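Some structures to go through are shown next.
What follows is chain A paired twice: with chain B in the first complex and chain C in the second.
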Partner chain A sequence: MINYLYIFPEIIITSALCFIIVLDLFLPSRLKYISYYLIQFSLIFCVYYIYSHFNYLDSNVSELYNTGIFSNIFKIFILLSLVIIFYYTSVFLNYFNIYKTEYFLITVFGLLGMMIMISSENLLLLYLGIELLSLSLYSVIAFNRNSLFSSEAAVKYYILGAISSGFLLFGISLIYGLTGSLSFNEIFIYITSLNISSNIDSVEIIGLLFALIFILISLSFKFGAAPFHMWIPDVYHGSIITTTLLLSTIPKIAVFVIFIKLLAIVFSGLFLFWSDMVIILSILSILIGNIIAISQTNIKRMLAYSTIANIGFILLGLSVGSVIAYKAAMFYTLTYVITTIAVFGLLSQLVYKSKSVENISDLSGLNSSNPFLAFLLMVILLSYIGIPPLLGFHAKLFIIQALVESNNIPLSIFAVLMTVIGSFYYLRVIKVIYFDELKDELLITSKLYFTGTYVIGLMLLGLFPDILGQLSQYSISNLFNA
Partner chain B sequence: MIPMSHYLIVSSILFSISLAGIFLNRKNIIIMLMSLELMFLSINFNFIIFGNYLNDLTGQIFVFFILTVVAAESAIGLAIIVVLYRNRQSINVQDIARLKG
Partner chain C sequence: MYWQSMIIIFSPLIGAIILLFKNKSTDFLSSIIANSAIGISMLLSLWLFISYVSGHNISESHLIYTWYATSGYFFEIGLLIDSLTIVMSFIVTFISFFVHMYSITYMKGDPSFKRFFIYTNFFTFSMLFIIFSNNFLQLFIGWELVGLSSYLLIGFWYNKPSAVSANLKAFVVNRVGDIGLLLGVILILITSNSLNYIDFFDKLPLLRDSTINLLGYHIELLPFIALLLFIGAAAKSAQIPLHFWLPDSMEGPTPISALIHAATMVTAGIFMVARLSPLYDLSGYVLDLILVIGVSTALFMGMVALVQNDIKRIIAYSTISQLGYMTAALGASYYSFAIYHLLTHAFFKALLFLCAGSIILKCHHEQDITKMGGLRKIMPITFITFFIAGISLMGVPSMSGFFSKDLIIDIFKYSNNTFVYYSLVLGVFITTLYTSKIFIKVFLGNNQLKIKKKLDLEHSDALIIPLLVLAIPSAFIGWSLFDGVLFNGFFDKSITDYTRLDQFYILHVEHSLSFFLHSLTSLSFIMIILGIVASYFLYYKDDGLLEKISDKFPLLRNILLNEYGFTSLSNTIIPTYFKRLANIIWMKSDVSIIDNFFVNGTANLINFISSKARLMQTGYLYHYAFTMIIGLLLFLIIFYDF
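For the complex of A and B:
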């Protein structure tokens, strides 16, 4: 017997989507905002449902679809982030007169894909979730169809994304051939039953390693880790800023969940092999991200490289393999997403010469025209660097702490040094804001009440890091006990 | 009876050919789409062989899922290429180099 109540959140989203697609056709253009509010309402209702049925959803014992506490915390986080992203998106699209309800609808399809990814306990379901997410992202990137940059970015992302799903599928097919199953649990049992140290040259181990490498390549591509990061700067640069906001935040959470589920649980028997691979990925990401970001003049490109560096830090946490390190990695991911929503959301509200902000020099002298805005931007950038009372500091501290506890001193020194190098390009933006001459005044698309509250919330989270810390502690310990 | 390794070698060769087709191709995006299609077909081949070898239906079912998803994916890919053509009047790979930094 299938109990459909366990997947009720997904059913809410799907039925709301089908309803709003049809409704939107019959709405005159001055009433289009109704469908926007309906989408927001269904997202918030979904959060409410998950929150109020937390323990009930946890009692699901399905081998296919996990709705445990770990998944639900991430789902709530993704849904709330999407509500904020939609707020910024609607403001932006309305200001530039390119508002279309389809943008939101396609994004919600992507949300559905992410929810499936987070909950999947089966490789087939994982593949379908990833594809649903990528297919909607391809079309969202190409949304601004009169822009050459947008369509170019979409083509690049499409080709590389399709290759990476090909790699994922190849890895899955090898795992299926070796273990005869697609279920995470059965693969886990198969791997732990192998005696790895005694027969390291056997066909099973080599085949599993082959599959692991293929899957890791594909996932680090979706994550944006270094040797597979080529698409990130181009796509961030090419698409409109709210799409960049979307791309750089919630898909990363979903991929992080997949990373932690696959590496820390399913492939935990192969820790010896994957920890080295993840360390290489993270070192390359931190190096490439921080060093290339220094030479960027476009702010979206600069933040794209900073994303790569941040991903490197998350992977550094994952590579340690202890529960504390997973907790630190989760803390870092949540921090990264919260901060990135703030910075891109704020930038999406700025207009320079009737276009959205593109270059760092567009921001020059922001302090003399709008001191409050300049202050908000400064707080966010300082949090990225990791200045003590802010959230970014605790995130970096936990990662480095986990590294030191596992006696990995060289890597922790490397992480600290790269943080210092990385602070240069953030500080340069602050210098441009505060000390450069005012060129053209920046306009704001809407009042800053929401952004102001959000950034103050960010500061409070930094003063009380226990809120996020306990959340990560709670969900990670639930993941490993379940 | 042909041993399974032969089938696997064929599918790996097809996979490599499609990868080479994507990375060595310097002319046309349509050819890239064809290579992608070939890549997914080689993976399907893998699944069918393993399913047959293990006497398990899951592999065959997975193939149907892949076929459907890939069809949707190529539809979106062709739509994106049409959008690019409208803006650029060309679908040459060399011409897609405006985004740099």
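For the complex of A and C:
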């Protein structure tokens, strides 16, 4: 007997989607905002439902669909992030008169995909979630049909995404062939029952490793880790800035959840093998991200490389394999998402020569035209660098601390050095904002009340790192106790 | 107590932030914001002080917030509220408030009027942050913040080259001390695993016999920590040999000299040692060192004041000398006496500076006292208040300065430390001499500057009221807190010298009245009389006696004018030779190795790599797909030894 109450959050989202799609057809264009508010309402209602049924949802013991505390915390986080992203998106779309309800609806399909990814306890379900997410992302990237860049980016992402899905499916089929199951739990039991150290050359181990590499590569593609990062700069550059905001934030959370669930639990028996792979991925990502970002002139491309570098840091945390390191990685992910929402949200509110901001030089002299905005942007960028007492400092510190505690001194030195190199391109933006001549006045699409509050919240989170620290601690410990 | 203290600390900070972000604000509005922010702190401190004095004497420690906790170390911000804290916060906020009020007039018309108040508000916050701190990290943060505000305020008129070099000097000298303090704090953290004062004090018995290995020598731990921390204290409190920044700091606006360089910041070192009295009790030879430094500062820096003619520099040397008295009391382990002298000194010295400011303002920014004269009739209120502050500084019996300073002198009298005793008594003579010198040259004699008396008051009310208000504690606070507070166990819970204090009271003081009567026959009183008589002949009767004396002892005069060589050390020797050395290091190691090879080399290399690596991003889809396949193959090859 299936108890549908456990998947009620997903049901809320799906039914809201079906209702709003139909409703939107009949709304005249001046009333389209109603559908926007309905979507926001259904997201918030979903958060409320999960929050108020926290313990009830946790009692679910399905083999297929996990609604434990760990998943729910991430779902709430994603839903709230999406509410903020939608706020910025609607402001942006309305300002440029390209508002379409479909944009939001398609994104909510992606949200559904992410919720399925987070909860899935089965490889096939995981695959379905990833595909649902990817399909909706392909469409929102191509949203700006008039732009060549936009269509090009969408096609590139689509084709590369198809290759990566192929990898994933190939890996899954190998796993199924070896273990006879797609369930996380059964795969886990199978792997732990193998005596890895004694029969390292056995067919099972070689096959599992083969499958693991394929799955890992496919997920790295979704995550944007080098050398599977090539799509990121083009897609970030090509899409409208609010799509970039969307792409660079919540899908990363969902992929992070998959990473941690697969690596830390399902494949924990193969830690010896995957930790090296993850280290290679992270070193390449940090190197490529930080170094290429230096020579970028487009701010979206620069932030795309910065994303790659940040993903590298998250992977660095995952590679350690201790509970403290998972906690640090989760802290870093949350920090990264919160900061990235701030920076893209803020940039999406800027208008330069009646276009959205594209180049770093567009920001020159921002301080003389809008000192408050310049200050907010500076705070966000300093947080990215990791200047205490801002949030980014703690995130980097936790990762490096986890590395040091596992006696991985060379990697921690590498991380610190790369942080220094990485600080250059953020500082350059600050230099442009504060010390360069004002060219053309930058306009803002709406008042800065929300952004201001958000950034002040960001600063407070940095002053009280325990809030996110405890949250990470709580979710990670629940993941391992479940 | 918790919320009151929080408001006391953070109200000035909020004032500074409001001023900082308020773009369009008139001078009037800025001064209102700044003054009310301090005013709130002042009233609350006053209230807490009164409630502590009237018996509510408790000690409590609060945790405000844990910034960061890692593997057993806690970095926290907290409050330690006890009698010492309350006294200090009373001094700081009280003087700060009246200095702020005074500054409204003094700084009127300055183009950076608002900036001045941002700095002073921020300074007051930083100082309170140190005072209320319950751990060493917070102490260090506050220490740096007051250093920063002092730097900004000394160089407030940054167009004046002398101000810029003075603030640089203050900053660099304080850096030397800060390194000592920081090393001490780090040593505390690694040996006791805690930065909290109370935890550290609890661990002192365990650490008592431990030693540390320093370059092969085994050094006792606690004296070493005490020494390192005292280096910080010596720099901040301008003790020999780190004193020479303070006279130059007079380049800042005069209210700043009153607030920071006389009453509050320079006493932070004294406060810290008193706060850490359990540590200093166990630090043996370091106490002797502190005593020697204190006594020599008290005597020798007072002598330098004799040859100075700039009114602010004289008072600055006097401040150093008085800080020397406090340090001497610390060295003798009578921490409470040091704090008591700190309390009275803060009032009369701030008043002296404010009077000096009033004089300078009247004399159109002329600071040379030999060019002044006859201001008695023109500025009667400044005259009277300066008189009160002056005799308090000299230590004329019944004044505030007397009760605190004679206590310190008496410590050495009764402990038969004759050499120190006579040095300090000689210091009294010198103090009297230079105080009378200012008094005679400025207020008596002929009106050389031809300043006309105006019909109205000498200055506006906002400038006069602080003088009058500060004159009251300068005259009376010493006596009024003597029996009932100082010797009534007020500092029992915060400073460890209470048994010594009780003994001292029973054996040598008995009561304030007898202390007062007794002092009329004491050596220091005779010294004051002698000093006044001498200054009458030297400075009032203009018969060339002073020139004769100085011609007789040219060496002494030159030594004093040169401040025992510290002037040439800090203005000539260090700058030239260090510059030469620095130039060599700069050219050889910095430019050629670090800059060109490491910094620019790395930067160029990374820039080069970056410009090449970006070409990987060709934009061609098949390149991207190819990279993915290559990546896959790479992984397969690495993990399979095919």
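Here, the second predicted complex is superposed on the first by the 482 of 482 C-alpha atoms of A that agree within 3 Å, B and C clash if a C-alpha of one lies under 4 Å from a C-alpha of the other, contacts with A are read in each partner's own complex, and residues count from 1 in each chain.
Going forward, a contact is a pair of C-beta atoms (placed from the backbone, for glycine too) under 8 Å apart; a residue touches a chain by one contact, two chains touch by 3 or more.
Source: prediction; values computed, not measured.
Novice: Could you look at A:K156 and tell me whether it touches chain B, chain C, both or neither (first, second, both, neither)?
Specialist: both
Novice: Using the touch definition from the top, say if A:Y127 reaches chain B (first), chain C (second), both or neither.
Specialist: First partner only.
Novice: Figure out whether A:L135 sits in contact with chain B (first) or chain C (second), or with both, or with neither.
Specialist: first
Novice: Just to be sure I read the superposition right, which of the two partners does A:L64 touch: chain B = first, chain C = second, or both, or neither?
Specialist: neither
Novice: When the two structures are overlaid on chain A, which partner does A:D234 contact: first (chain B), second (chain C), both, or neither?
Specialist: Touch status of A:D234: both partners.
Novice: Could you look at A:I265 and tell me whether it touches chain B, chain C, both or neither (first, second, both, neither)?
Specialist: In the superposition, A:I265 contacts neither chain B nor chain C.
Novice: Tell me the contact category for A:G180 with respect to chain B and chain C: first, second, both or neither.
Specialist: first
Novice: Is A:P465 in contact with chain B, with chain C, with both, or with neither (first, second, both, neither)?
Specialist: So A:P465 only meets chain C here.
Novice: Taking the superposition as given, does A:P389 touch the first partner, chain B, the second, chain C, both, or neither?
Specialist: A:P389: touches chain C, not chain B.
Novice: Just to be sure I follow: which residues of chain A are touched by chain B in one complex and then by chain C in the other one?
Specialist: 155-156, 159, 163, 233-234, 296
Novice: Under the stated contact criterion, what part of chain B meets chain A in this complex?
Specialist: Residue list for chain B touching chain A: 15, 18-19, 22, 29, 32, 36, 39-40, 43, 46-47, 49-50, 53-54, 56, 58-59, 61-62, 65-66, 69, 72-73, 76-77, 79-81, 83-84, 86-88, 96, 98-99, 101.
Novice: Mind pulling up the chain C residues that touch chain A in the complex?
Specialist: Touch residues, chain C against chain A: 65-71, 606-607, 609-611, 613-614, 616-617, 619, 621, 623-625, 627-628, 630-632, 634-636, 638-640.
Novice: Taking the touch rule as given, give the residues of chain A at its contact with chain C in the complex, in rising order.
Specialist: Chain A reaches chain C through residues 155-156, 159-160, 163-164, 167, 206, 209-210, 213-214, 216-217, 221, 227-228, 230-231, 233-234, 273, 276-277, 280, 288, 291-296, 389, 394, 401, 405, 421, 463-466.
Novice: Residues of chain A touching chain B in their complex?
Specialist: 124, 127-128, 131, 135, 138-139, 142, 145-149, 151-156, 158-159, 162-163, 165-166, 169-170, 172-174, 176-177, 180-182, 233-234, 237-238, 296-298, 301
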